[in-house]
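To start, I am sharing the structure in question, which I have written as structure tokens.
Each chain gets a letter, A, B, C, D, E, F, G, H, I, J, K, L, M and N, in the order it is written, and its residues are counted from 1.
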Amino acid sequence: MNAETLIAMVSIFTAGLTMGLGAIGPALGEGRAVAQALLAIAQQPDEANTITRTLFVGLAMVESTAIYCFVISMILLFANPYWDHFLSTGP
Amino acid sequence: MNAETLIAMVSIFTAGLTMGLGAIGPALGEGRAVAQALLAIAQQPDEANTITRTLFVGLAMVESTAIYCFVISMILLFANPYWDHFLSTGP
Amino acid sequence: MNAETLIAMVSIFTAGLTMGLGAIGPALGEGRAVAQALLAIAQQPDEANTITRTLFVGLAMVESTAIYCFVISMILLFANPYWDHFLSTGP
Amino acid sequence: MNAETLIAMVSIFTAGLTMGLGAIGPALGEGRAVAQALLAIAQQPDEANTITRTLFVGLAMVESTAIYCFVISMILLFANPYWDHFLSTGP
Amino acid sequence: MNAETLIAMVSIFTAGLTMGLGAIGPALGEGRAVAQALLAIAQQPDEANTITRTLFVGLAMVESTAIYCFVISMILLFANPYWDHFLSTGP
Amino acid sequence: MNAETLIAMVSIFTAGLTMGLGAIGPALGEGRAVAQALLAIAQQPDEANTITRTLFVGLAMVESTAIYCFVISMILLFANPYWDHFLSTGP
Amino acid sequence: MNAETLIAMVSIFTAGLTMGLGAIGPALGEGRAVAQALLAIAQQPDEANTITRTLFVGLAMVESTAIYCFVISMILLFANPYWDHFLSTGP
Amino acid sequence: MNAETLIAMVSIFTAGLTMGLGAIGPALGEGRAVAQALLAIAQQPDEANTITRTLFVGLAMVESTAIYCFVISMILLFANPYWDHFLSTGP
Amino acid sequence: MNAETLIAMVSIFTAGLTMGLGAIGPALGEGRAVAQALLAIAQQPDEANTITRTLFVGLAMVESTAIYCFVISMILLFANPYWDHFLSTGP
Amino acid sequence: MNAETLIAMVSIFTAGLTMGLGAIGPALGEGRAVAQALLAIAQQPDEANTITRTLFVGLAMVESTAIYCFVISMILLFANPYWDHFLSTGP
Amino acid sequence: MNAETLIAMVSIFTAGLTMGLGAIGPALGEGRAVAQALLAIAQQPDEANTITRTLFVGLAMVESTAIYCFVISMILLFANPYWDHFLSTGP
Amino acid sequence: MNAETLIAMVSIFTAGLTMGLGAIGPALGEGRAVAQALLAIAQQPDEANTITRTLFVGLAMVESTAIYCFVISMILLFANPYWDHFLSTGP
Amino acid sequence: MNAETLIAMVSIFTAGLTMGLGAIGPALGEGRAVAQALLAIAQQPDEANTITRTLFVGLAMVESTAIYCFVISMILLFANPYWDHFLSTGP
Amino acid sequence: MNAETLIAMVSIFTAGLTMGLGAIGPALGEGRAVAQALLAIAQQPDEANTITRTLFVGLAMVESTAIYCFVISMILLFANPYWDHFLSTGP
């Protein structure tokens, strides 16, 4: 049962580390984009619609890198191919 | 009972580390967005509504990366699939 | 009694580390938001109410990431599911 | 008596580390807020009351993250649930 | 079965680390590009179309480095050539 | 006598580390606040009283985080509850 | 079979690390270039063609360093000369 | 005699590390305050007295964190309570 | 066969590390140069030819440091003199 | 003779490390203060006396943190209380 | 044959590390110089010749530090004096 | 002869490390002071004498921290009190 | 033959590390100096001669620190006094 | 012969590390001073003589910290007092 334990430990730790690291960049990037968007609206209120629309498309793009990390964390926790292999071959 | 102990230790440590790392980015990003929002309101008080609404949508987006981390921490503590496996197979 | 000791040690250390790391980001972010709020009030004293209200909603949002960390620290210290498991199954 | 010693060592070290890390962010954030407050007073002396009041509410908010760390340090030193457990079960 | 376990562990850890590191740069870079795009739209609303189109081509380029990381993570998890080799040669 | 020695070593090291880390943030934060206060006085000499009073309240707030660290260092050196326990139970 | 396992482990880890590190620089550099390009278009809409063309040539140049990393990762995973050697000489 | 040696080693190392770390923050903070004070005097020579007085009170405050570190270093070297304990109980 | 394995492992790891580190600097430097080039074209459209030519010569120079790293990575993978020596002398 | 050697080694290493770390902060802080002083003299040559006097008092204050480190290094090398203890009790 | 293997391993790793580290500084420095050169040409197109000539002499100077690193990497790989010694003395 | 070797090794390493660390801060601080001095002379050529005199006193002050490090390195190499002790007591 | 191998390994690694570290500072410093020189020429084309001459003297000075590192690397590789000693005394 | 080898290894490594670290600060500091000197000459060509003279005195001062490091590296390689001791006492 040693192999299973090791795979489980590494999967748990990697799932957390990936999400933990992967939350730093997108959060900072989105915060910057939102901050600038508000400044832009204040400067040019008439373009609020265009600015907001561009902002949301951009935020979705930045968010995508956080979602990649979340996807990999979820795969490691709930659909780990290596874990499935070890389970199916038995101990 | 060794395997259970190891899984528990790694899960506890990862849950804390993920949340600890995952709180840095969103907090800084939101702080920046809020700071700029106040400046924007001061510059263009008439657009306070648009600015506040855009700010809250943006904050929700940034907060989402912190929530991903929180979700993974909670899964590791209360719904850990690996832990359930080891419990169900018995020692 | 070895397993209990290890779980306790990891829980204590993680509780402290999570809170220690999790206090850096929110404190810096809130400090920045408060600093900008004061500048905004000085520029536009008539909007002090709107600014203060937006500031407090924003601070609550930033504080939430610190509170996530505090919650996880408290769970690890006082409602640790793994610890409860090991206590209930006996040594 | 080994388990007690280990718990005590980890608790002491974590108490110090949590407070040490947790003092960096709030101190920097508060320093920034205070610095900006003084600038704001110099620009708009008539609003000194509003600025000072907002500053103190904001400082209290930032200080809260330092206090979370202090609380956890104190819990680890004087009301550690794991330590109480090991003491009550005897060696 | 030792070799398989090691390969699986290293693959899982590397998949997470690659995505975790690889999300920091693109997220920050895209956040900066989006932020500047909004400022540019505010300055020159008549060029919103050109700016948005250039922004999206640029974002796609930046995103590509995140996608390289995602591709490598996916290869390591689901199409790992070394893992296939060890599986096909048997233990 | 091993347990006592370990507790003493960890207490000494943690006391120093906590104070060493805890002196960085407050010193930088206070330096920044003082620096800005002087600039504010130079800009608005008539408000020197208000500025100085706000500065000292703010400094006291920032200093509080350094004092938390100092208190924990002193507790670890002179009123360490774990040390008292091990002394009272004898070796 | 020990040598093969080691080569495989090191190749997998290096492939991921190279791509992970190699994505940080290009993403930041391209983000900066795109951001400045949008500002330049806003300032001088008549030169949008020249600016866009220069931008894309520059982006291709920056992207090249990311591609070097991707190439090396791919070589390590699918055309590793050392791995081929060990396979051809047999265990 | 082993315990005494260990306590002495840790005390010496911690005394140096505390002072070494604790000198970085105050020196930078004081340097900043002094630098700004000179600028303030140059801008408003008539307020030199107020500025100098505020500067010295502020410097004393910043210096206090360095002095906390120095005090702890001195306690560890010349009035270490743990060392006194081990000396009085004999080897 | 031990020596060969070690040489192969070190060569693979170094090839990746060199390229990974070596991609950070050039990508950032080129990104900065391209960004400034676009600003320069926007300011002085009549000099677009001179600016573009100088930019490409400069980019080639910056790229050269990335290419040095790529060359060394390739040498380590495909023309490693130490590996050739060990192969020719036999195990 | 083992204890003496260890104490000597730790004392030597700590003496150097304390001074090495303790020289970074004061040097940077003093450099900043001196730099600003020269700018202030250039702006307000008539106040050169006041500025120079304030500068020297400030420099003495900053230097004091470097001197604390130097004092501790000297104590560790030439008046180490622990070393004296071990010498007087004999091996 | 142990000594040869160790020398080869260290030489390979050092060759890569030297080039990897040595590419960061020159690339950033050259990027900055090129960026400023383009700005200078945009400001003063009539001096494009002088600026370009000075730029290229400067770039050559900066490149020289990268070339020192490349030379040492090449010496370590193809003209390593220690390796030649061990080869000539035989195993 | 073991003790002598250890003391010698630690002394050599500490001497180098102290000087290496201690050269970073003073060099940066002096560079900044000199840079600002030149700017000040360019702004106020009539005060060149006062500026140069203040600069040299300031540089001497900054240099003093580098000299503390150099003194400690020299003491460790040529007048090491611990080394003298071990030599005089014989092996 | 063990001693020779160790000396050779340490010499090779140190030669590379010294050059690798020593290339970062000079390259950045020279890049900055060249960048500012071009700006200075653009501002004051009539002084191009004085500026270029001062630049080259300054670059030579900065380059000197890189050359110190290169000299030490070369000494370690080709004129290592310790290596000569061990060779002359024989194994 | 063990002691000699260890001393030689530590001396070689420390010589390289001291020079490598010690080249970073002076190079950056001198680069900054030279850069500002060129700007100062461009602003005030009539003071080129005073500026250049002050620059060279300043550079010599900054260079002195690099020379301290070089001196210590040279002492460690060619006039190492510990090495001389071990050679004269024989193995």
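Note that a residue touches a chain if its C-beta (ideal position, glycine included) is under 8 Å from a C-beta of that chain, and two chains touch if they have at least 3 such contacts.
Bear in mind the structure is a predicted one, so any value in this text is a computation, not a measurement.
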item: Labels of chains that are neighbours to chain J and to chain N; value: L
item: Inter-centroid spacing, chain L versus chain C (mean Cα positions, whole Å); value: 43
item: Chain E-chain K separation of Cα centroids, rounded to whole Å; value: 30
item: Cα-centroid distance, chain D relative to chain F, in whole angstrom; value: 11
item: Per-residue overlap in chain K, given as positions that touch at least 2 other chains; value: 2, 11, 13, 15, 17, 19-22, 24-26, 28-33, 35-37, 39, 41, 43, 55, 59, 66, 69, 73
item: Contact graph of the chains (line, ring, star, complete, other); value: ring
item: Running round the ring (origin chain L, first step to chain N), the chains in order; value: L, N, M, K, I, G, E, A, B, C, D, F, H, J
item: Contact footprint of chain L on chain J as seen in their complex; value: 1, 4-5, 8-9, 11-13, 15-17, 19-39, 41-43, 45, 48, 52, 55-56, 59, 63, 66, 69-70, 73, 77-78, 83
item: Residue numbers on chain L that touch chain J, as the complex places them; value: 2-3, 6-7, 10-11, 13-15, 17-22, 24-26, 28-33, 35-37, 39-41, 43-44, 46-47, 50-51, 54-55, 57-59, 61-62, 64-66, 68-69, 72-73, 75-76, 80-82, 85-86
